[in-house]
Structures are given as structure tokens and as C-alpha cells.
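Order of writing sets the labels: A, B, C and D. Residues in every chain begin at 1.
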Amino acid sequence: MAVQLLYFAWVREAVGRDGESVDLPETIATVADLVGWLAARGDGYAQAFADPARLRAAVDQSFVQLDASVTGAREIALFPPVTGG
Amino acid sequence: MAVQLLYFAWVREAVGRDGESVDLPETIATVADLVGWLAARGDGYAQAFADPARLRAAVDQSFVQLDASVTGAREIALFPPVTGG
Amino acid sequence: MRRIIVGAADFDSAALLADLEALGGGAVASFTGLVRGEGGLSSMRLDHYPAMTEHALADIAARAEARWSLLGLVIIHRVGELRPGDRIVFVGTASAHRAAALEACHFLIDWLKTEAPFWKKEAYCDGQSRWVEARADDDRAKARWDA
Amino acid sequence: MRRIIVGAADFDSAALLADLEALGGGAVASFTGLVRGEGGLSSMRLDHYPAMTEHALADIAARAEARWSLLGLVIIHRVGELRPGDRIVFVGTASAHRAAALEACHFLIDWLKTEAPFWKKEAYCDGQSRWVEARADDDRAKARWDA
């Protein structure tokens, strides 16, 4: 399934792009699975996604836990904890 | 001893003046004693000072309880609970 | 910076806020109280105890400054005749921390309600008038800060 | 009245406050967050998640409106390059009751800190830069409202 990925803050900087469209393998059921899959790409991806504890996510523009399902998702964003306000 | 009395809000309106200088009898030790003594004057005073529970006081411009001493006081103000802000 | 003003004149909330924002603290909180026009209120008169008011407010300000780390504190309280929509009171605080600014602001207005010598008399369109009664809620709000 | 704005432009705290004061509620509270210049900070960049930001803020606003009786609510959050002293965020509330206005204001800024998709990167005079780390204090401040 084709999903739009978005990266923000140092995740974006480490990956070197602000997003990409990917076809997710069927083995990826949760956001955590996706993070592990991205980390395995090496280089900037390994750096950005090596430590899931430092990451937060939104699926279709709603914040979710990393154990959330990605089934049917159109847009998945990965980023550090927010620091606005 | 001569003391300046000040009245505010409906106490002032009931008494019909905003203050007066009085010589307190030596039997008056506390603000509550003073309130009772003023109530005994009758008319507007009786109306203003009949119910000590409705009154608050300041001695020399500091809020006090009605059982506070009036010994050495130069200025005693009597008024309802405050309603500013 | 501490500014305390008691008077009949209206005040400029905007300029007060701008002065607090200019202190470099990063966090500015404010509260403005205004005359509500509900129930046919036509005007309100605020009396006070002139010789006592400013130092009562200074005492309240000092308590806030002792409790929170503040870069700036403003208290403006009007007296005299006011109409619906008129500002009555402004409290503003500046701090390096948002919780300090917000809590101090809340503390100041709760204390002003119960510990400053002001009295409100309301006049209504039907010609009636009455002194505002103190509210037990206000005492409880103030007592919350005693803990 | 609910107003939510996310953008690069500075805003006029004064005009926002005046609009809230004009709603007739009698109680207006505000919080302004600004860039502090401490530690040699030269500038700050605020990134956000454009497609999500406005509805994340609308969700936070709706929670405040459900919890307190508000006549007006304003959230302004800037993005892009900011310098020391620049305003970052403004939260304002109007209510008939001071506790509602003040608590809702505090709630809104605590939730904005932890539940809205913004990220700050600080640049220093020595050429260094770093992404601001989320603070456990902010999570605790937000959790206080869960009770």
C-alpha cells in the first residue's frame, strides 16, 4: 500500500528530506514496525529512527502511540516530541 | 483617648457620615466593644452596627479581626466585607 | 518592575501588556476585570479607603513577589463611577516561566477580591441600587493560596 | 468567539485583548510567550506540520470550551524565524467568571506546549544550533488537567 511519510525537525534533517511516498510491505502493521523498517535503510535513516523512544507519530494528522496500526493510513508523520507554545 | 473613626460603604450611608473623632471610654478594649458601643447610640448607628457578623475592621490601616485590641489605635475603620477586584 | 495605580482614570491594557512583554522574561500573563451589564445594571460605583488602599495593594504585590520569581508586576484598580463594559481592574505579571506568571496573576486577582479595601455599589435602570455582597466563593478562591 | 491563527506574522496582543474585553463577559485572561535572549541565543526557528496544526489547535480549543464557560477564545501561534523579544504565542480567554478565564488560559498554553505539532530550533551567537528538547515539566503541567 502506498503511504505518504512526513518527517519534521531533526528527523527531517537526519533523513535529508521532508517526506516521501513509500509502498509499505505487508509485514508492517504498526508505526513501530515502520520505524524499524526505516532504520534498516541505514545512513541518515538509521540515525533518525534508531531510537524509537525519541520519536512521536501522527497517523492521518492525529497523534498516535507507536503501537498504533498503520492499516489504511494515507499519511504518517514521524517527529521528535513537540516543543511549541 | 481620642480616636479617628472611619466608615465605608453601607456603614457610612447608615451612619450618615464618613467618619468622626471620638473619645473612647476606657471600658472599650476591642473593636467588638467599639461596635457594641456605637450600636447603642441608636438610629443610623444601631442600623449600621447591630450585627457585628456583617462587619469588618481595620486598625491603623491594617485589617484586623473584631476581637483585636484598640489600645493605642489612632484610626479605626468599620465597613462591610470588601468587594473589589 | 512593580507598578500599582489606584485612580478614577481608565487605563490602557495594551500599553501595560507591552511594558511587561518588554522585560525579556518570555512569559506574560494578564487579567482584566470589567463591569458586566447583566440584569439591567446601569452603573457601578467603586468606593475605597484611600489612606489604606495603596499599601494594601503593595502588601499583596509583595506576597506574590515572595512566592514567585517575577520580573514585572502591575496592579491597576479603578475607583469612582463606572459603566457596563468599563475596565475595573488589571493585573499583569512577567516571568521567565509561564506557570509563575499565570499563577501569580491568578493569586493577585483572588487576593484583590478579598484583601483590598474596595466596595462596589450597583445602580440599576429601574432606579434601584445595592451594595454588592461579598461572596463565599471569593473567600474560598483566596484560601486556596494559603496551603 | 473563537479565533485561531497560525502564521509567520507578528500579532497585536493589544487588539486581541481589546476584542476579548468587548465581549461583555467581565473577565479576560491572556498569556503571551516570547523568545528569551538568554545564553547567547541569536534566533529561533519554529517549524510545524501545516496540514495538522490548525485542527490540532481547534481540538485543544474545543476541549477548553467544553470544560469552561467561555465567551471568547484566541490562540495565535507564530512559525518561522524569530528573534529574542519576539512574540511566539498568545492565548486569550473571556468569560463571565475570572476562574474560568484564568484556568482556561493556563490549560490552553499547557496543552499547546505538549499537544500541538510545533518544533523549535535555537541558533546561538557562536554559530551553534540545536533542536529544543521536550521537557518532562511540560508533560506534568499538561497531565495536571487530566484529573
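In the analysis below, a contact is a pair of C-beta atoms (placed from the backbone, for glycine too) under 8 Å apart; a residue touches a chain by one contact, two chains touch by 3 or more.
In this text the structure is predicted, and so the values were computed from the model without any measurement.
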item: Contact-graph distance - origin chain B, target chain C; value: 1
item: For chain A paired with chain D, centre-to-centre distance based on mean C-alpha positions, whole Å; value: 26
item: Between chain C and chain A, distance of the C-alpha-averaged centres to the nearest whole Å; value: 49
item: Approximate Å spacing (C-alpha centroids) for the pair chain A, chain B; value: 72
item: In chain A, residues with contacts to at least two other chains; value: 85
item: Numbers and ranges of chain D residues touching at least 2 other chains; value: 33, 98, 109
item: All chain pairs that touch each other; value: A-D, B-C, C-D
item: Footprint of chain D on chain C - complex, ascending; value: 13-15, 17-18, 21-22, 24-37, 84-85, 87, 96, 98-99, 101-102, 105-106, 109, 141
item: Complex interface listing, chain A residues touching chain D; value: 6, 8-10, 58, 61, 63, 75, 77, 79-85
item: Interface residues, chain D side, partner chain A - complex; value: 33, 46-49, 51-52, 55-56, 77, 88-89, 109, 112-121, 131-134, 138
